[in-house]
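In what comes next, chain A is part of two complexes: it sits with chain B in the first one and with chain C in the second one.
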Partner chain A sequence: MTATAPHPRLTKTPEDGHPAHGPRRPLRILPLTPAVVLLLLFLAGPIAYCVYIAFTDLQLTGQAEESFVGLDNFTRAFGDEAFLNAVWLTLVFTVVSSLIGQNTLGLALAVLMRRASKPVRTLTGGIVVTAWVLPEVVAGFLLYAFFRREGTLNAILDWLHLPSQNWLFTLPILAVSFANVWRGTAFSMLVYSAALNEIPREITEAAEVDGAGGRRRMWHITLPMIRRSIGTNLMLNTLQTLSVFGLIWVMTRGGPGGRSQTLPLFMYEQAFQNSLIGYGTAVALLLLLVGSLFSLIYLRLLRTEV
Partner chain B sequence: MRPTAALTPLVALALAATTLTACGGGSGSDPDTVKVSFKQSTDNSVKVMDTYLADIRKQFEKAHPGKKVELVPIKAPDSEYYTKLQQMLRSPKTAPDLVYEDTFLINSDITSGYLKPLDPYLAKWPDWNRFIDTAKAAAKGEDGKTYGVPDGTDTRGLWFNKDVFEKAGLPADWQPRTWNDVLTAARTIKKKVPDVIPLNAYTGKPVGEAAAMQTFEMLLYGTVDGGTDPLYDKNSKKWIAGGKAFEDALSFVETVYREKLGPDVSDALDPNVMTRVRGEWLPQGKLAIALDGSWLPQDWLPGSGHEWPEWSRTLGLAAMPTQHGQAPGKVSMSGGWTWSIPAKAGNPDLAFEFVKTMQTKANAQKWYVANSGIAVREDVAEDPAYVDAQPGIKFFTDLVSTTHYRPAYPAYPKVSTAIQEAMEGVTTGDTSVAEATSSYTDALKDATDNQVVER
Partner chain C sequence: MALTSVSRRTTRRLAADAGLLVVAGAFVLPLAWVVLSALDPHANLRVKAPDGLTFDNFDAILTPEITFTPLLNSLILCGGATLLTVVCAALAAYPLSRFRSRFNRPFLLTILFATSLPITAIMVPVYALFVQVDLIDTMQGTILFFAASQLPFAIWLMKNFMDGVPKELEEAAWTDGASAFQSLLRIVLPLMGPGVSVVTVFSFVMMWGNFFVPFMLLLTPDQMPASVSINDFFGNRGMVAYGQLAAFSIVYSTPVILLYVLIARRLGGGFALGGAVKG
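Entry: the complex of A and B
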């Protein structure tokens, strides 16, 4: 959001470029050069190399020389059942854990916490944020311990005399989705808390005086006013969720039988376990495409709001 | 907003890309220092390799004044170790002088041009004649040159708990003659000692190569007589499509899990099952029969963290039988590791000197005993000090005569994954044996550029 602020000024600069300022312009760019060089070297360079190897049959081992294979890796992906399975699971994982889970739960927590007493707010906030700051791998192990057959969840179910089962085996994609919700909700909560604080008190009060109930105020005042934050939050959540690897790797390794193998795990398996670097990189580019599709949808969502 | 949105996937991609290109620091090599890379156990309490190499380093530095050894441990599970190593081998900046290579992948790395042929060194090294022929072949490339010095091998068989067997009314000197004998014993245990897992056979992708080699190939190579290879046809240089033998081996796996003779499927497909078998199920008497490798006692030795010196009184050993008891009656698979010199190593000569120090008869023997390895030097195999060093050594060394090495050609890792997938399908019950076999054949064609033959 902060990035949008400088735009008007940037567009103005060429217009008010008085002749007197002209010779100083190259000098002004000078301080930026190191950053630009670093970006080119460490960001653009590897990406360009990455795009290149996606069109080759480069392997980690087992091959003397790689060769250019054109679109082979991409056509291969779309004919590969395991790839299509991974695309489907990635969509399920993203929709369930990011769009529905993190986003709604984060909003709900933010709304509820505004009304809660200070101790409750601090405690809830503390717990949720702890889950967020834990390293992905640690969070993965915690949730593995929670869901496994001798784990906490089943102990609770046993105690309630409900049937227990091995969640990581029977419902792996939902178990890892839940784990992602658990871990990532704090971010949405923080974004929405900030957004809700921005809503002017008078508007809410005016609506209240006019007799609008809680649900109507939420639907007609709060949601439209924080729409921009919703878009931002959805986009960041989605992109983060699309690249989740460690959490799933620790909990299920994509199994059993590929039933929780999302695109990042599929990519890892192809590139590093089957040593097909070229193919794995092509899959990475396709993942990038999925990410940009989501981004485009959210950007549209933002644009309709003037 | 917009710049951030574009950035996040780009950053993700950039991260992937930097990993892929293996950007790594590291200076050129110092002519007086040998850099030795090895696989460090992920279990902090297991220090067998570290201790052994520290000892060799001391000997080496004493015998070669002015020279230094730098040990570069890579702490990772098997599959990640290979990846890390292959990335290091790609560049002269990161390539060490000596690496520890699994025979599983050595041919693949040879084809990539990562390793240096050792023939000129071996020709001038009299001890090389002491190595048994099958072991020498394990590190030979398709070009006939040798790329590694094996530091031992391993064999596989059936470990069984004599206490559980007694409760089930089975003999303490159990020696199954056919696959059916194994299944019958497991069924008896299931009925008579219901709280014990009758038989563990690794399966599916979570355990990787252990499933393919330790379970599946132990079965597959038992469907034929000792001489033929049921996986790869050496004459036509083609891989063999899934047929009757493949289906039979897969049916065995299916039977184990369908009849609940193995661990609960969710435990069997847990990536940590290997640690549980060795650290928990066997020592605590929760498992009756384990189809597993010769190296198991390594985990139970004093100082290993899970000491269990009584294992030799509790556990019995039996060779894995062939399918119908046909000749030679028993079957084993062998692998093992070799010391190799990277093609891009800075100090290959000094590295080979280090190998020679490791492979003096005394040092080799020390190593086999320390890591529960099986000798590949005949002078050690005959030495009573080695044979009596640990219970079980004689049993597993005798299996060397009927053992098989995998066709470890470059496509093998992918073939192995295809096998694991077929196993996982029948283990979970998602696919039938016939379906899994035909998917295997498809995957095999894909992995080997259609170099497949029906038999």
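Entry: the complex of A and C
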């Protein structure tokens, strides 16, 4: 089910002026009130508070009250090797698991599903979506088991006579990146399936009659026609990936030695394990700013469809 | 030519089937581990045939402390927040769907913006704020925050579904003197029953699996939902009983998998992300 836009109206009707039907204007927006109050108090409020605390030295313990410290928290962050490490790892995590992994695998699955037989399509779709629906912590434990030295991945590699290693120790950021691919590909698959379904069959068939091979059809017809879905999917994947905490927390705790500590885990460590709420909140604010940037890009991509 | 075309299509389908089965195999391995280990008296970290089937792992975890209390907590948190989310979303979606206003579009864009913000980032200020207003370590505080965090996407979905209900049906009711609230309650919501179900189940599923929100906002062990208790109980590496972990994972995950199956077909429309902005 897709909502369709009403045709733009060419002439004014009574509804544009004084409505002949329906409730009076002041009462119309009343039903929005509960949602707006909830959003203002519990989302907008914390965001505003985030902006405030980020400029203080608020701590968890032993402090009568916080004092204003200007940009100290931010200066400290950009001079902090652990913070820069977290930024770099977040970048690796996002590029590998979201842009490359979820996006391309999701698209590949969506394309293959249009050609596959129904039983295989249903089976594969069901398995991929199950991975997505599982609670984050459960997914973390399953993938922890998979990547451990004594886990299934090494068992398979041994069986294939390929070198195995302690993935969670030697390549922790790649292990959690692949884990996030496993966990999040379903969303991309669903988005791309919906987008591919919108391509008129006649166009693809016409190209096929003209002798265009599969690869050429993909490159010149399919991808251009779903480019907006590619854009929105990339933005949403990136934003979702910026938020990942539980999966990494369960698998590696951000270790060993901070080598899989993305920004959310660094933020958590500073705020709660080091009791530096102000500093942790400054990192949170930076995360929010980056998230806002991608979110605005996402909105821009959506608006081109209107 | 026709024969070649048919053969080519068959070949393509077989190739697609093969590709999908490889992916299915890769994705199913971790899932297979949890099922097989739950039934294995000597489970370890590898997917293997159980050493004789047993339900001992389930017996071990099906206790009030390990399973029933956390699941009840999850139900209270997620149920309460879902109810609040759905009611507020249905109310909010109504004017957005039914009445033209120059504020609709900015509001919807703000909602869309909110759906995609990294929620993890605001948990630190939420924690600090909740400490200030004494909502930390309370069920009601967590429920309210959960509801607020799900609300943007719920409003988005709800408006999408509501747009699918013909406006003419309501206009007749208005002519007969029905108030907006009456037409929402008696005409719109019944007609979009399936849509309301999707929003309800989707919100519930998202919250059921959420780890970080209750991890941050709840401190008392007795209040922990399953998502946090599984981490507390099994997350200390040295002494993990993998079979029991797998059994708990199955018990904890089954509700959301079943619920998702219920709404899967109808959720597809929600992924046509551009639809609602055109309103």
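Note that in this section the second predicted complex is superposed on the first by the 268 of 306 C-alpha atoms of A that agree within 3 Å, B and C clash if a C-alpha of one lies under 4 Å from a C-alpha of the other, contacts with A are read in each partner's own complex, and residues count from 1 in each chain.
Assume contacts are C-beta pairs under 8 Å (C-beta built on N, C-alpha and C of every residue); 3 or more make two chains touch, one makes a residue touch a chain.
Everything quoted here is computed from the prediction, not taken from an experiment.
Of the two partner chains, both chain B and chain C are touched by A:Thr232.
In the superposed model, A:Ser275 lies in contact with chain B only, and not with chain C. Of the two partner chains placed by superposition, A:Val209 touches none, neither chain B nor chain C. Shared-chain residue A:Leu299: touches chain B and chain C both.
The wider contact with chain A, measured as residues touched, comes from C rather than the other of chain B and chain C. Once chain A of one complex is fitted onto chain A of the other, the partner contacts of A:Phe169 are limited to chain B, with no touch recorded for chain C.
When the two structures are aligned on the shared chain, A:Arg121 is found in touch with chain C, with no touch to chain B.
Legend: residue contacts after superposition of the two complexes on their common chain; A:Gly257 is shown touching chain B, with no touch to chain C.
In the superposition on chain A, A:Ile29 contacts chain C only, with no contact to chain B. Of the residues of chain A, those at positions 1, 3-4, 42-43, 46-47, 49-50, 53, 148, 232, 235-236, 239, 242-243, 267, 271, 277, 280-281, 284-285, 287-288, 291-292, 295, 298-299, 302 touch chain B in one of the two structures and chain C in the other. Those residues of chain A whose C-beta lies close enough to touch chain C in the complex are 1-6, 15-16, 21-23, 27-29, 31-36, 38-39, 41-43, 45-47, 49-50, 53, 58, 105, 108-109, 112-117, 120-121, 123-124, 127-131, 133-139, 141-143, 145-146, 148, 150-152, 155, 182, 190-191, 193-194, 198, 214, 228-229, 232, 235-236, 239, 242-246, 249-250, 264, 267-268, 271, 277, 280-281, 284-285, 287-288, 290-292, 294-296, 298-299, 302-303, 305-306.
On the side of chain A, the complex with chain B involves touching residues 1, 3-4, 42-43, 46-47, 49-50, 53, 59-64, 148-149, 166, 168-169, 231-232, 235-236, 239-240, 242-243, 253, 255-257, 267, 271-275, 277, 280-281, 284-285, 287-288, 291-292, 295, 298-299, 302.
In the complex of the two chains, the chain B residues touching chain A come out as 1-6, 8-14, 16-18, 20-21, 23, 79-80, 82-83, 86-87, 105, 107-109, 111-114, 204-206, 208, 264-267, 269-271, 410-411, 413-414, 417, 424-425, 428, 430.
The residues of chain C lying in touch with chain A in their complex are 12-13, 15-17, 19-21, 23-24, 26-31, 33-34, 37, 44-47, 84, 87-89, 91-92, 94-96, 98-101, 103, 107, 109, 112-114, 116-129, 144-145, 147-149, 151-152, 155, 160-161, 163-164, 171, 174-175, 179-181, 184, 205, 208-212, 215, 226-228, 230-231, 234-235, 242, 245, 249, 252-253, 256-257, 260, 264, 266-269, 271-279.
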